[in-house]
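Two complexes come next, and they have one chain in common, chain A, joined by chain B in the first and chain C in the second.
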Partner chain A sequence: MPELKINGREKSAEIKAEYKKFIGRKILFISSTFILIIFIAGIAATLGPYQISVIEVYSIVWHGIPKILQNLDFILSHSFKDFSLTYFTKEESIIWFLRLPPIVMAILAGVGLGIAGTTMQGVVRNPLASPYTLGIASAAGFGAALAIILGAGFATGQNIIIAANAFFFALCSSFIIYGISRYKGVSPETMILAGIALMYLFSAMTGVLQFFGEEKAVVGVVYWMFGSLAGATWDKLFVMFIVLIICIPLIMLKSWDLNTLSTGDERAKSLGVNVNRTRVVCFMLASLVTAGVICFTGTIGFIGLVAPHMCRMIIGGDNRYLIPASGLFGAVVLLSASILARPPIAPSFIPVGLVTAFLGVPMFLYLILRKRKGYW
Partner chain B sequence: MVKLKVKNVKFRYTSVPILKDVCIELDESEMLGVVGPNGSGKSTLLRCIDRILSPQEGCILLDGQDIKKMHLIDLAKKMAYIPQSTTQVFPATVFDTVLMGRRPHIGWRSSEEDIEKVLETLKLLNLEDLAMSDIKSLSGGQQQKIFIACALAQEPDVLLLDEPTSNLDIRHQLEVLDIIKSIVVEKGISAIMAIHDLNLAARYTDRVIMMNGGHIYAAGVPSAVFTPENINHAYGVEVEVINHNGRLYVLPIRPVGKM
Partner chain C sequence: MVLIGSTVPLTVMPAIATGIPGDDDGNDNITEKELAGNILTYMLGEGDLSLDELRDAAHVYAYWNGVPRTIVDTAERTVTIYKPVKKIVVLSSDGARALRILGDEDKVVGISETIKRHPYYFPEMSQKKSVGTWKEVDWEEIVSLEPDLLITYATGSINADLAAEKLDPFGITVVGLYFYVTDEYEQIFDELEKLAILLEKEEAAEKYLKWHDEYEARVHDFIAGKEKPNVFMTYTGGSIGKIMEIASYGPGAIDYTLCEKAGGRPITEDFSTKYPKVSAEWVLTENPDIIILKSGDVFGGWDNETEPADLIAQMMVGKNWDDINATENNKIYAVPWSITNGLEHIYGEVLLAKICQPELDIDPTEVYKEFLEDFLRVEYPEGKVLVYPLLAT
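And then the complex of A and B:
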């Protein structure tokens, strides 16, 4: 039947074209999110008492980069503050020194939390998981509380100790979970249950600290847990960037293995994937990213949960595209929240962590209500 | 020629032995059925063969090579396992699901060749119209075909199937098994299939082994294994075996004795 054969070949070509179109759509989504980030960041930089237009912002940033690169040794030997006082005009200083750090932090934190969320959902095969599912947020919170209450109070100079403590305890909880799953088998159930247990433990320990803590320090802990971008400096951003630039490519290399995990452990094993190793490696990388972000920002809610879901609805579940997409989308959400977190009367801020929750909850409820057939 | 050899395999979870000294030989282009009551070790056997579980004793040879010494990826290029129930948690198109079967053959990017292989497989299983639909919106029968397609895209020499027909209606049961049978014959691959339905086993397999309590109780061509005595012993069911138009049918009468 020669006729049938031709039809068959046409059909294949049709599917191939459709498949390519679908991939094109994914790439389009990723690139347009990227452009959106640059656009929102430009708007965010105009907000504040000193009036600067969006165009000026882009121009200042564009021309500032070569200046910084030329004087890198000066920045490293002195500080960014000295540099901007010496080399920058007033406008340049305002943008580079005051306004860009929180914006860049919003972008980095959004990217980190979005990607950590997607990874964690893949690792435990559960769409309800988030970067915080395995207790990492309460562990980081405990670390911060320890520094704030038992350390030297909530002075700004102590920020680095708080961040280091939060980072350390966040990773502690991950290593405990890793240890437990090494002993008991790396199943999603073991990991989630261990994570929940640790979450209660660390929350209780934070509670004890708060119970005995000085009032002022306790307030500091509460503020830390709200999550905020206000403390952003280029030093912190540099550390955060290093963590992300190391971990994210490694996570992306595991995209295929994460894809196979979604069909079940047995099927993944049969496809030649070392399921246990993939799960542990991806979990530790996602934890590292999360810890690297929240030790500087405090616990910013919902991005790690909402970003992966929104992206999955738009571009499907293939982690090769979903991971970068949810990172960029997370940045969009956090940037938008950081704009909303600035009421007209500056310079008072609503902590951005609270705004993301207010922004995230309606988004999430909306998703649940109009969930696509067979989505969950 | 012997494709796969299972030699004296013993497996236990903690202290309960599941497989007690199982030996099997599988030829090229042969379809072997594994039957037996619930808990007799059928699924465990398949999982041991694909190294998802590691037996405590004995060895499994694929083309004369011990699978324990093979790299996971190399094993995945030669052997594919389709579990009894595969649940896709996240949304995925049929195309992407089948493309996953190419995992052992590809790096991060999928090549043109992989895409062609997926198209070929979709065509073979007549799934082309579904290519871009979300797998979770499909019926159980269609999903089962897609997971078979995924395993075939892996291009294995040996296909292991755990109850491929368990959730399917009578038409899909025949369709799926017809597909598997024709692939075994045409592509010369070998298949081991755990299956509950004795009539389907008799109809589609070249040989069957009947397991009971971790042992192989009987083995051979279906007509030799499916005797009223064997079935009575293994399942505790009184049956009548009927020959109709050259095919063997097992007609259950009643459960007997105490299990």
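And then the complex of A and C:
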């Protein structure tokens, strides 16, 4: 009997040690991904016609922050443009206004889409869930098409109107799914089917606009849907950041509940989780994040589908780690794609949304083939 | 960190000056006193202004009454020029043509790929540095060229708002002008006049507008009271291989307006949409006297007659249009896309008028030749097919 107890304790200690090791591996993955982002961002910031070294880039950023903070009064009373014209050298302006915004947008968009994808897959317990399959990207595309082709929208100003429309319709789609789910019961099947139905509806509505639209405007819509970081500016990044900084911590708070959902609704209920509320809250938060990102970038939906899968294959399905890992990994993929989107023969560019797929699919297939058993 | 800290010192130095050079009180008005003061300071070897800036200041004082030049562009942005424009980056071929009409092509330092692809029409400009395409540009490349002015479309991927957001911090002025007609022909004239104000080329703009107006008046006077033939207008991508959903132009579309101005009656006049889609059967029942097929992938005409003839043949496949008036009278014409929307649209108007009213005593080819030789200042490309089949003069 005492021998059994000793064995039991040993076993328990072994399991704990194994668990700690496993957790350590997850933390290591997250930390290395974070470092990788800083490294790739550094490389991305050196690319351009002006020869500015990595050290100079970091130096400009390092000195730029206090310069901005010291002159906040001037920025508020004048504008960021006047501040730049008065206090920045040309190299500093290039880094701060031309190179950093697309890099920061790649990071924020990658983080947002990765996290939104993981959350949606967790909510509907389906590996195919993404902003595309749940109709959110199609709805955003319709909003953008409405603005580009008809010039109609929920704001004024050429670029704001497109983003505002995309954001509004992306959220509309989420609210419709929410409404249907409330009416029919918040089951994963209802949400997926409603999402797919909306995807087709909004795609058809976009098609109608394109069918009757002027050719140049139609081309504009197609280009918007490729997804691009070309329109990155600090004011857009500020809005995107606010959306992410509000939603991501709330999603993280729900990560344990999402873990319990993966064991099945009944078991989750028995563990005291309000399944319906968790599902709705997480879905709406993920939708808000997706809308906040793709309204500025166009539909780079692929990251939301693939980043969670890739991370799940590497670190497993514990959402407490999977959510931040997918976000950071999404940023790595999008940042890398933004570098590859700039071929050596400048000034030609490839929209980053297309490069993302070319970069991500081989990695994804490799992981699928390498993994011997199901990971979901 | 020490290395990073030591690389760029925390000095506060203005990168680019804005406003009129020498306007010491910053009230956007350079006075004689300010100019004289700056000249004296310069002669004493003091002051911040360079000789170039002093020249600019003197120019603004002498020719602009001491105040900056301001317009409202097509993106509804107020655009102000504080000193004479010396370097320009132009992102559209339409804008490049406007610059040639105004005679300011020598100031161009940067272009887009579209302009590079047409060395015949832009002999000097096409040799300049390309900064990107109509979809995406390298902002840094633009900054490196240090232009005073960037000309781009008012809307689209590289619209004026976005360009201004990117280039404002570098003191580069952005103007959003299409130079192709989107809604009304007045817009293109207005845009040319506005650019002329910014570039001090009002006379050149006036010359072009006078030339245009004279031809327009002649067409207008000639078609007055004449019977209007029924015209169906379509384009290659919207009609080849289709027996339904064939693209056309309804009231409000610029091609529709041009057809009316040229003395034709578009058969789509009862439609309420600008870009209606119709069936081959519907066209058959409307029995148009003339069909105009616009081709989108040609710039300045075809090199031979085979290509447009093939396009017409391809369009006709499967449509059963053999018995309509246009086919029986051999009045199906292929024309390049740009004739209706660009700065040469008066050629398009004369051409359509000549097709609709063959007795019109203007040779459309001569109009196009004048446009190329007098305004774009390139030789008329002999052998180019600008309309197929050729019109009797």
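Going forward, the second predicted complex is superposed on the first by the 361 of 376 C-alpha atoms of A that agree within 3 Å, B and C clash if a C-alpha of one lies under 4 Å from a C-alpha of the other, contacts with A are read in each partner's own complex, and residues count from 1 in each chain.
Operating definition for what follows: contacts are C-beta pairs under 8 Å (C-beta built on N, C-alpha and C of every residue); 3 or more make two chains touch, one makes a residue touch a chain.
This one's a predicted model, so the numbers in the text were calculated from it and none came from an experiment.
Once the complexes are laid over each other on chain A, chain B and chain C both fit without any clash. Contacts of A:Gln210 after superposition: neither chain B nor chain C is touched. By the touch criterion defined above, A:Thr46 lies against neither chain B nor chain C after alignment on the C-alpha atoms of chain A. Rounded to the nearest 10, the angle made at the CA centre of chain A by the CA centres of chain B and chain C in the overlaid structures is 150 degrees. Counting the residues of chain A that each partner touches, chain B and chain C differ, and the larger count belongs to C. When the shared chain is aligned, no partner comes close enough to touch A:Thr190: not chain B, not chain C. Of the two partner chains, chain B is the only one that A:Asn274 touches; chain C does not reach it. By the document's definition of touching, of the two partners only chain B reaches A:Ile15; chain C does not.
When the two complexes are overlaid on their common chain A, residue A:Pro66 makes contact with chain C while staying clear of chain B.
Look at A:Asp318: by the touch rule set out above, it reaches chain B but stays clear of chain C. The gap separating chain B from chain C in the superposed three-chain model is 36 Å, by closest C-alpha atoms. The residues of chain A lying in touch with chain B in their complex are 8, 11-12, 15-16, 18-19, 22, 121-122, 125-127, 253, 255-256, 259-260, 262-264, 266-267, 269-274, 312, 316-318, 320, 372-375.
Chain C makes touch with chain A in their complex at residues 3-5, 7-8, 10, 12-18, 75, 113, 130-133, 135-141, 143-144, 154-157, 159-162, 165-166, 168-171, 182, 237, 245, 253, 273-277, 296. Chain A contributes residues 48-50, 55-56, 58-60, 62-63, 66-67, 80-81, 84-90, 92-94, 96-99, 157-159, 211-216, 220, 223, 228, 230-231, 233, 235, 346-349, 351 to its touches with chain C in the complex. Residue ranges on chain B touching chain A, taken from their complex, read 47, 50-52, 72-77, 79-83, 86-93, 95-97, 100-101, 103-104, 106, 108, 115, 119-120, 122-123, 128, 131-132, 134, 136-137, 147, 150-151, 154, 160.
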